[in-house]
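The structures come next, written out as structure tokens.
Presented sequentially are two complexes of chain A, the first with chain B as partner and the second with chain C.
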Partner chain A sequence: MNKFWIFLFALVPLGVLGIYFWAHAQGGALWFPAGISEMGEDIDRLFWIILGLTGTIFFGVEALFLWFLFKYDGKGRDGQAVKYTHGNHRLETLWTVIPAGILVFLAVFQFKTWKEIKFRSNAPDVPLHARVTGGQFEWRFRYPGADGRLDTPDDLEAVNVLHVWKDRDIKLQLESRDVVHSFFIPAVRIKQDLVPGMKQLMWFKVTHTDGQPAPDLHEIACAELCGWGHYKMKGRLVVHETEADYRAWLTQALAKQNADQADLGIVE
Partner chain B sequence: MKPLDGLGLAAVAAAATFGVVLMSPGNMESRTIQLDYALPPSVVVDYEFGEGGFRALTEVMEEAFGSHAAPKLPDEADAEGLGIAAGQLATGREQFRVKCMHCHGTNGGGDGPTAQFLNPRPRNFRLGKIKFTSTAQASPPTRSDILFTLKRGLAGSSMPSFVTETDEHLQALVGYVQYLMIRGEVASLTAYELDDNGEVEEFNDQEISYEELKEAAADYLAEQVEFVAGKWADASDSIVIPSVPRGPLDLASAERGRELFLSATTECSACHGDTGRGKGANVYDAESDTYKRQDDWGNDAIPADLTRGLYRGGDRPLDLFRRMHSGIKGSIMPGFAGNLSEGQMWDVVNYVYSLRYDITE
Partner chain C sequence: MNSNTAAPAAAHDHAHAHDHHHHQSFLTKYIFSTDHKVIGIQFLFTIFVTLALGGLLALGVRWQLAYPWSELPIIGKLLWPDQGGQMPAEFYPMLTTMHASVMIFLVIIPALTGAFGNFCIPLQIGARDMAFPTMNMLSYWFMWPALYFFLSSFLVEGGAAAAGWTSYPPLAGIKSAAPGSLNGQTYWLAGLLCVGASSLLGSINYITTIVKLRTKGMTFFRMPMTTWALFITAILQAFALPVLTAALILQLLDRTMGTSFFVPENLIVNNVEAGPGGGQPLLWQHMFWFYSHPAVYIMILPAMGVVSDVISTFARKPLFGYKPMVIAIASIAGMGFMVWGHHMFQSGMNPALGATFMVSTMLIALPSAVKTFNWLGTLWGSRIQFTTPMLNALAFVSMFVIGGLSGIFMAATPVDIFIHDTYFIVAHIHYVLFGGSLFGFFAGLYYWYPKMFGRQMNEFWGKVHFAGSFICFNLVFFPMHILGMSGFPRRYADPYSFDTWKDAQPLNQMMTIAAVILGFFQIILVANFLISLRRGKKVDGNPWRSNSLEWHTPDVTPGHGNWGAHPPVVVRGPYDFGAPEAAQDGYLGQTENKYPGVKA
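Right after this comes the complex of A and B.
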């Protein structure tokens, strides 16, 4: 085999490696923004373990593949026909058992984290912070007013901007107005699909915002291709330091929304 | 190589060349100008303009408003009064092409590639009006109104919120939308004047030369620019702010509102139905499941189902009051500023909220 082809095939793993380091060097713009939530560390740990495992196997297989190409390039066989073989029980058992073992390990290892962030029985016992309604192509947030209940006249409705406060369990109800969307806050490391006709729950706690340039830089994105305007479906998460800060914002936003003798603009 | 392969290859090459020529920027530009630059299609249909009238109008429009690639405000328009800062049109055009064009079309005609899939249809700006404004019935929108729509979106339609965009981009977009709307209205009015005063006919009968026709068009255009841009600059003088407070959302107010809603004074229920679910007898034919009336853009006028709690023009009490006061522009929803007192309009607003919320507790 021509050595040129080996070089071409080698470009694949090298390219992957290059993209990985390049993206990493770009920081928050291309790589994960710094985590700000309670479960962020667990998610990151899982991410690194899985990336490490799959990465090692990928590069191992690539190295083997390239070595075979190099070593058995057909030269020096003096025109002898190639010998085909079929079946090797020991090998097949080996390459079935090892990946299966890895999958079982991952399934068991991630279970605690999954339970904590996704099982409804594990949802914090706090009132709903807001309802998120996804629709092509925006997020609408509805916050309960003073009565603590949704769908009453004292609610606050805002578009694309979610306000929460630090060190508090935030529980959201997610609904879709049209198609499947996915509510994703990368800095919080949580993602939940919105299914039309279903009410999903999602909860998280922001524990630190240190090192963040500005509170409104936490992006909210739709992580499920939901139509031609999918890319427009982004919002931002604003984290208030204390509950008092949040309440002050809510009071001011409600005054803005309900002003009847002045136009105070829209709630942001 | 077999002859068939050669032919196939030639066909592919020809198709590719054709595609490249068709898609090249120069060609796109000229096609746009020929087909719909600034002129609403109704101009071509309504008046028997012929080649000459159409050409004169297109030329004076382009001299005044710039080309699609380089938009500008006419000299007669007071950019400062309109609130359009220098450079905003260029930035606005770029932003419009990225964020708005695929629905609202290159020239804001509401005819972008995705428009046909949407219901309700994206706005055609060339009629010079938009539905939801803070101003009195006869006034154009203010800059804040356009900004409000950009930031808030139109709930229940395909117009999303752009609240997370930078202020610079949003302000530029507002300016560009103002420009598209003013340009569209001026084109229509100038065409009307040219037709009404007979210059086009005189040209077609060879009584006046093309230069004279164009001169007349330029004069009418200057007048209309002054009129339309003036109207826009004055829009903020007619912002509707109630002088009477809303009053509590209680059963007494909602009941007063309900009586008005069902009364012959307002005829709300004739269109919105007795239960507020839309499909009133005046507008909806149940037998054929069709709507009887259209709005100014030629789309079916579909009264809102008020029980859904989706208010396109915003869900603040003030927004609903303004819908009552000035109506929905270009649609069949009238304003009630002349028929009802402010207190009565607030009662109807409260009644509308009571269709969405349980206020009996």
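Right after this comes the complex of A and C.
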């Protein structure tokens, strides 16, 4: 019977390996969404490094654990002596210092990427591409018009669709209209909470769009519970190949907006 | 009973004088009891109720994730006849919010600190009772208003709190922000204030009892790990809770008195002006996590203590590295106060601050690693008895390794950008709190049951419960890591409306089925628990041949005052299994006192 328990515990590392390769084979919703940015590749690489390291530790610990269960099974060994020891100073030092070293290394190793993605001093020196306002339950994007400045009469307002173009530093200002939201583009691997009363900056660059899904179908999600319709805050990221394509879309959208406003008798 | 005198001598005389000829009514003996053992058992019975409640709420969540917008089985038609029995979108966040709140505040914390803390501490240190028995009774009875507030909040206008167990304002604070924020949130805050009072009363009591009431010879470094862990946990609670209490009261004022501690200027939510403003939503997050991160350790440290006791007993070998283990628990508690910001990496908090929180968070993995290595060291060269408590303790170790290591991904700030608020986090917390704390609780339950009731729980059904729980637990929660890698978001009533995640539904259905089976296996536990009260195998005072003091009471199930006329005298540490002078099966008790119920 004891062997059964050892087998049961052995199912854990085996199952972990199994589901890992199964999910890898499945791809799609069970794996990283295809990345389209450089920062995404950095983040993925860090993920794999940590997975490699923790995976090694995990299988090491599991192997030792299972080996001990097997070797020191007490069945039929009643009355046999055990190793009467209260510990070992050298071992304690060893397994404190080595993990400490690994952990500090891991932490320091993250600094560069973290700084590049989030420190404001690292924000690209470009004008704001758009202002994102989160609200229950939609994303509003305000793009500067021909004058390149926000909050002027020629701005474009769009709901739930963010247009950008490739190889361009995109800088966004994030605000919330009501409660806390979080602007999350899985394909870009970027996420930032929007806190009412605060202005956040976010920047990224789409560098490759060859992955699936189609270039205009990257989804935007809300990652901070914002109410009953939290799951409804679905936006779309459309990546244009060139700036000219983007400008063409912008001109067209502005013309449509002006026409709609004229119809409604809104004069700004 | 008015034995609420703190002085040990007085308690001693009192207990002595009244020991066997003191008639108590049913009401004072079992309901308003001040006896620490009865209170511990009261907590235990209550936890079966709250565990069932929390589990059912979880199954509601799982149902929606497996078969969104379809009729909820059994109760769907009853609850929502107009919608064909399917849960409305407003209800889903109430489920996640209340599942987490019930499980954390009404199951795990009271199970480990309430049930085991009360039952074990005085017995393990050779005391006759807690230092403040009446306060102890109050600590139990404060649980009930909390449960009342949580339950009744489902019936108020708007329904139960729905802003997550983290209750971030303005969503939680502004009445127009969510249906659950209309009234339910106020009930939630009231419930949590009661839980806080309960915890605080308990923790002050534990600290005082351990510092003042240890029996002769019971030095600090002769205390079993369970008591050590509960001691440090109590200190942690005493220091962290006031901050949460303050935050709860501030949110309550925001909601009821028109203040704006967490409300920024000019905020309009759903066309309703949200008050004068001038506050800061992030302030709540800081205050909340300043308590709630240590709370994670409040939920895991006692389980670590229990598991250490159980592993050493059934390995028939001294705990490897006893002092390093104590130091590890203490440093987890100390560092636990310096890591709360890792919940806020993406919150808009200064990213430079995030970087420092990353370093402290990485380092807090260290004592956990040390503990794991020491458990392995305990198994090395041992003689393992695969009893039900031992199996659950071994499961703790093997699950905690996963839960600990997955924490490193989140500690790494850049990786956290992607996995924050995804199912990766849900996987992590459940590996720590279910795989860890709850399996630790199971281990302790099977282990101390004979001391509580003089009978043993059925080993066969105990093992069936263990095997089923262990397999189903992993089937439910391991795939969540995989979902997390795809960015699968938490707290979504319908993630499949996104192309990115629409293919994840079959996996979620499998997980839901496993969750239902997991629930059924808990029925075996409850049945085994209840039936064994009458039918369980009768045992002597020390069926596991353990060394620590609680197994050396004069009666099989200790009576009021625990120790009869003569409190025990401690002569050695709790883990001297297999010492040269030990009995053949490795037993070497902590006390030389030999009582009728205990075989030498």
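Assume the second predicted complex is superposed on the first by the 239 of 268 C-alpha atoms of A that agree within 3 Å, B and C clash if a C-alpha of one lies under 4 Å from a C-alpha of the other, contacts with A are read in each partner's own complex, and residues count from 1 in each chain.
We take it that contacts are C-beta pairs under 8 Å (C-beta built on N, C-alpha and C of every residue); 3 or more make two chains touch, one makes a residue touch a chain.
Just so we're clear, the structure is a prediction, and the values are computed from it rather than from any experiment.
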item: Partner chain(s) touched by A:Lys171 [first = chain B, second = chain C, both, neither]; value: neither
item: Superposition-derived comparison: chain B or chain C, residues of chain A touched; value: C
item: Contacts of A:Gly229 with chain B and chain C, given as first, second, both or neither; value: both
item: Touched partner set for A:Leu69, first chain B, second chain C, both or neither; value: second
item: Partner chain(s) touched by A:Leu11 [first = chain B, second = chain C, both, neither]; value: second
item: Contacts of A:Lys205 with chain B and chain C, given as first, second, both or neither; value: neither
item: Which of chain B and chain C A:Glu157 touches, first, second, both or neither; value: first
item: Touching partner for A:Ala259 - first (chain B), second (chain C), both, neither; value: first
item: Which superposed partner A:Arg142 touches (first chain B, second chain C, both, neither); value: neither
item: Footprint overlap on chain A, where chain B in one structure and chain C in the other make contact; value: 136, 228-229, 232, 234
item: Touching residues (chain side chain B, partner chain A) in the complex; value: 99, 102, 114, 134, 144, 148, 151-153, 155, 158, 160-164, 239, 241-243, 245-246, 249, 314-318, 321, 346, 353, 357-359
item: Interfacial residue positions of chain A with respect to chain B in the complex; value: 136-138, 140, 151-153, 157, 159-161, 228-229, 232-236, 257-263, 265-266, 268
item: Partner chain C, residues of chain A touching it in the complex; value: 1-2, 5, 8-9, 11-12, 15-16, 19-20, 23, 26, 28-33, 42-43, 46-47, 50-51, 54, 57-58, 61-62, 64-65, 68-69, 72-74, 77-88, 91-92, 95-96, 99-100, 103-104, 106-107, 110-111, 113-115, 117-120, 136, 177-180, 182, 184, 186, 189-198, 200, 213, 217, 219, 221-232, 234
item: Residues on chain C engaged by chain A in the complex (per definition of touch); value: 88-90, 92-93, 162-164, 168, 170-171, 174, 177-179, 264-265, 267-270, 277, 280-282, 315-324, 346-348, 351-352, 354-355, 358-359, 362-363, 365-366, 369-370, 372-374, 376-377, 379-386, 391, 394-395, 397-398, 401-402, 405-406, 408-409, 411-415, 417-418, 420-422, 467, 470-471, 474, 478-479, 482-483, 485-495, 497-504, 507, 575, 577-580, 584-586
